[in-house]
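What follows is a group of structures, each given as structure tokens.
Note that chain A is present in both complexes that follow, paired respectively with chain B and with chain C.
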Partner chain A sequence: MFSSFMLNTWIVATAIAFVAAFVGFFVVARRSAFAAHALPLGAFPGAAAANLLGIDPLIGLLVFVGMGVLLLRQLVRMGRRDVGTGLVLVLFLGVGALLLSMTSEYAPAVFSLLFGEVLGVSDADLLPILGICVLVVVGIVLYFRPLLLDSTFPDLAALQGIRASRMDLVFLTLLALVTATALPVVGAFLVFTLLVGPPAAAQALSGNPMRVLALSVIFAEGCIWSAIALSYWTNWPIGFFVGAIGAGLFTVARSYRHWNQRQRNFVTV
Partner chain B sequence: MWSFGALLGNPGFFSSGPVQTALIVGACAALVSAVIGVFSVWRGNAFAGHALADVSSAGGAVSFLLGISPLLGFLGMAWIAAFSMEFLGIRIGRERDLTTGIVLGAGLGLSALFLYLDVTTTSTTGAAVSVMFGSLFAIPQSLITPALAASGSVFLLVGLFYRPMMLAAVDPDLAAVRGVSLRWVGLLQLLALGLAVAVCALAIGAVLATALLIGPAGAAIRLSRRPGQAILWAMVIGLTAVWGGIWMAYASYYWFSGNAWPVSFFVVALVFLFYLAAVLFAKVAGLAAHPKPVTWPHCET
Partner chain C sequence: MQDPILSVAHLSVDLGGRGILRDVSFDLHPGQLCALIGENGAGKTTLLRSLLGLTPHRAGQVWIEGVPVGQRRILVGYVPQKIVFDVDVPLRTRDLVQLGLDGHRLGLPLFSSGKKTMVDQALQMVGAEAFADQRVGELSGGQQQRAVIAHALVRQPRLLILDEPLANLDFRSANALVALLGTLARTQRIAMLVTAHDMNPLLPVMDRLIYLVGGQVATGSVEEVVQSEVLSKLYGYPVTVLRHGQRVLVLPDAAVEPSGVIAAGQVSSPEKAN
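On to the complex of A and B.
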């Protein structure tokens, strides 16, 4: 399991889970699960287009996810947020369906793009992925305070001169970068699970932002490591394990909070 | 070959069996999703509707595995997802986004597993593509009756409970005061939503079903503030998009000299264009960006 061809996978997965936990913390704080779901799927035709043109998939992913962010902001400005998000999502998926119908390698390519492939990380892929992860971490460190304030107390943030539309753009850009890097490894659908599951479980356990952040990193790493290990042993798709572990963590954390609150209420009464 | 006559005439369009099936099933999907979509969009439930559609893909994958009707698979999984969201407390506003996300994530995980098992245990290699992105022209004729039955039951449900459903969607507080049981109405709505999602997923694929579910409805509520009119608009837009998409996909065989483009792509693209047109029209005509429906002419006290 730790042989040389798996080494890259472990490194990349660890880096991705780390940044996904940070960005996911804001996804949960801003209640933008729909956007976090739409962007990875919007990026997915990028890989198909790159495949068709014969260029690096990472470039295709970045281009498409960038277009997704721009279109999303435009549509959200024009109408209801959830309707706009949903339509961007299906438009890109429709384009993806079209591009996939043009390539010859059909079913296996679709499956690994949607649900991930653990063994697909080569040495050449390693550097750009790690570079983008570092970029995301730098971005989060730079914007941590205004983003957090804007996510939790938008009115207070506006009073302090933080522009909500700018924070939205920063957030979506970070989300887009994480998406583009994580997509080839865990797949379009499960990028989303990694972004939402661990942070949602963490925020059910604590109210302190720093503690939530630390917990989400721990949960995300635990989630992806065990998913890789299980996927390696059973040969089942990694996406299934990421999804199941994410939902399991959330359910356990929620039940724990319920139980804890009941205990506390009992004591005070 | 690309020729103007073939483009307009579309030889053999109406006499082809698969096209007839596609037109009927597509119409079912468009009409049903128009009705349910207007309710969902008004309630701000677009994400939940989309999540149900995505999760239903796991059902589609199971149906390949078990050899049952795909409609049954989509429907079963959509209902399971709907009730688990309800159970997790979808109605608590603050947590709604998260619980929807968690159910969606878990459902997609299951979908990954079942599609993988499809590929490894049976010889259906195209399962992932047809479950996710649909293939209207490949729907067997035997599925027309179930699709009609599912659509009919949605219309029956909505027809019987139109007023309480509309009131609960538009103004839950008022509905509660007027003695409408929000729990029951919510449950009925989930049942209807599950049926609509299953028909849409069958027609244009599980992950693209959202296009029919929220696109026409999102456009329609920009064009009219009256619930009945909005539903009518959504039906017109949805039907035009689906039938237009089918026609264009059929014709594209001649446009691109033998490389037909997928139907689902054309349907989604048309829905998107209609939405943009409706938004622009509403802007020119000076309609509000976040319209609140007029309730009292339909639910007079």
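On to the complex of A and C.
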């Protein structure tokens, strides 16, 4: 399980879970789960396009998430964030269907782009992925406080000179970068689970922002490590395990919070 | 007299090509608590937002301690009318207050004892120590309002602007808040501008009144303005000011006629009604 063949998988998965937890903190705090769902799914045609043109899929993904962010911002500016996000998602999926119809080897490729291909990380992939991960973590650390205030109370943030539109751009850009790096490894559906499950579970357990961030990282790493191990032993797809563990974490944490609140209310009454 | 904290001169604001405020001028001095009264749509929120530097003005000037507004936002604290926190928001009361101090700065919110002292002081000023470590999303409406006031106070502003702080508060919370504002104005020498539909709870502590009508303001001391005739004229609706010992009460008169059926010649002017 820890052979040199698997080593790259462990390294990349660890890095991606770490970054997903950082960005996921704000996906949940900003209630942007739909955008976090739409961007990875909308980006996967980028990999198909890269395949068609014979270039690095990471570049294709970056181009597509970049376009996704620009389109999202443009549509969102006209109001109705949910509608705009949904329309961008379907538009991109349509482009993906078109591009995939032009290639011959699409069935297994699509499956791995959607559900992940953890064993497919080569040495050459390693460096760009880790580079982007570092970039995203630095971005979140730098903008943590303005993003936090803007996510919580935009009016008060504006008063301190924090512009909501700029924070939106920062957030979407970081989300897009995570998406592009994580997608070939864990797949479009699972990027979403990693971005949302662990941070939402963490936010149910604590109100202290730094503790929530630390818990998100621990949960995300636990989620991806156990998913890889289980998938290695059972030969079942990793996607199943990430999805199941992510949802399980969330359910357990929410139930704990519910139970805890009821206890407290009972005591005070 | 001392230099004013807030000085507004010939302020005009347009929104969407429509003139909302015209030639508005007034001053606020240290420790003054001023009520801003006006009907719905009179431009109260627009005035507040331009004082905060959030809405640009077409003409005129706004100075805060002699500095044009927007250049030193740190001098102004703002408590919005709508305070809504998500139940799950990963923020305790003390984190929200600390963001008032350093929310615009880059980097993680790391621990510093100097900041903690300032945060604790602000929490203490509004009486929020008891729920300092609770999540803001789990607080009651009145507690959330105190948390936001502490968020504004932690920067030690010279001017505090509160938009309808008494809406949605019960008697006890409203009176506690009014007492708190009065104390803050007196002890911290903060100038306060408070909008309110119902000025009664504010009467014990307020010492000035600005009335906004038709995009222009009339201002005066409480003694000058809180009179039956003056208020009736300003509201365009019959109002009676009752005095009972130390207490003053502004009471709108009962509707003369059901509003829908007033005949053309019968519309009551304030004078007639009195």
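Methods note: the second predicted complex is superposed on the first by the 268 of 269 C-alpha atoms of A that agree within 3 Å, B and C clash if a C-alpha of one lies under 4 Å from a C-alpha of the other, contacts with A are read in each partner's own complex, and residues count from 1 in each chain.
Note that in this section a contact is a pair of C-beta atoms (placed from the backbone, for glycine too) under 8 Å apart; a residue touches a chain by one contact, two chains touch by 3 or more.
Keep in mind the model is a prediction, meaning the values are calculated, not measured.
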Kindly say whether there is room for both chain B and chain C on chain A in the superposition, answering fit or clash. fit
First (chain B), second (chain C), both or neither touched by A:97: first
What angle, in steps of 10 degrees, lies at chain A between chain B and chain C when each chain is taken as its C-alpha centre? 90
Thinking of the overlay built on chain A, is A:206 touched by chain B (first), by chain C (second), by both, or by neither? second
Which partner chains sit in contact with A:21 here, chain B, chain C, both or neither? Use first/second/both/neither. neither
A:65 in the overlay: touching chain B, chain C, both, or neither? Say first, second, both or neither. neither
Between chain B (first) and chain C (second), which does A:31 come into contact with in this model arrangement: first, second, both, or neither? both
Who does A:170 touch here: chain B (first), chain C (second), both, or neither? neither
Per-residue touch tally on chain A - higher for chain B or for chain C: B
Using the touch definition from the top, say if A:12 reaches chain B (first), chain C (second), both or neither. neither
Touched partner set for A:185, first chain B, second chain C, both or neither: neither
Shortest CA-CA distance between chain B and chain C [superposed frame, angstrom]: 6
Interface residues of chain A shared between complexes with chain B and chain C: 28, 31, 200
Chain C residues within the chain A interface of the complex: 52, 54, 73, 76, 78, 80, 83, 85-86, 88-92, 95-96, 99-100, 102-110, 134-138, 148, 151
Please give the residue numbers of chain A that touch chain B in the complex, ascending. 28, 31-34, 36-37, 41, 78-80, 82-83, 85-87, 89-91, 93-95, 97-98, 100-102, 106-108, 110-111, 114-116, 187, 189-190, 192-193, 196-197, 200, 236-237, 239-244, 246-247, 250-251
Partner chain C, residues of chain A touching it in the complex: 25, 28-29, 31, 141-146, 148-149, 151-153, 155-162, 200, 202-204, 206-210, 212
What residues on chain B touch chain A, complex-wise? 41, 44, 46-47, 50, 54, 94, 97-98, 100-113, 115-116, 119, 125-129, 132-133, 205, 207-208, 210-211, 214-215, 218, 222, 259, 261-262, 264-265, 267-269, 271-272, 275, 279, 283, 289-290
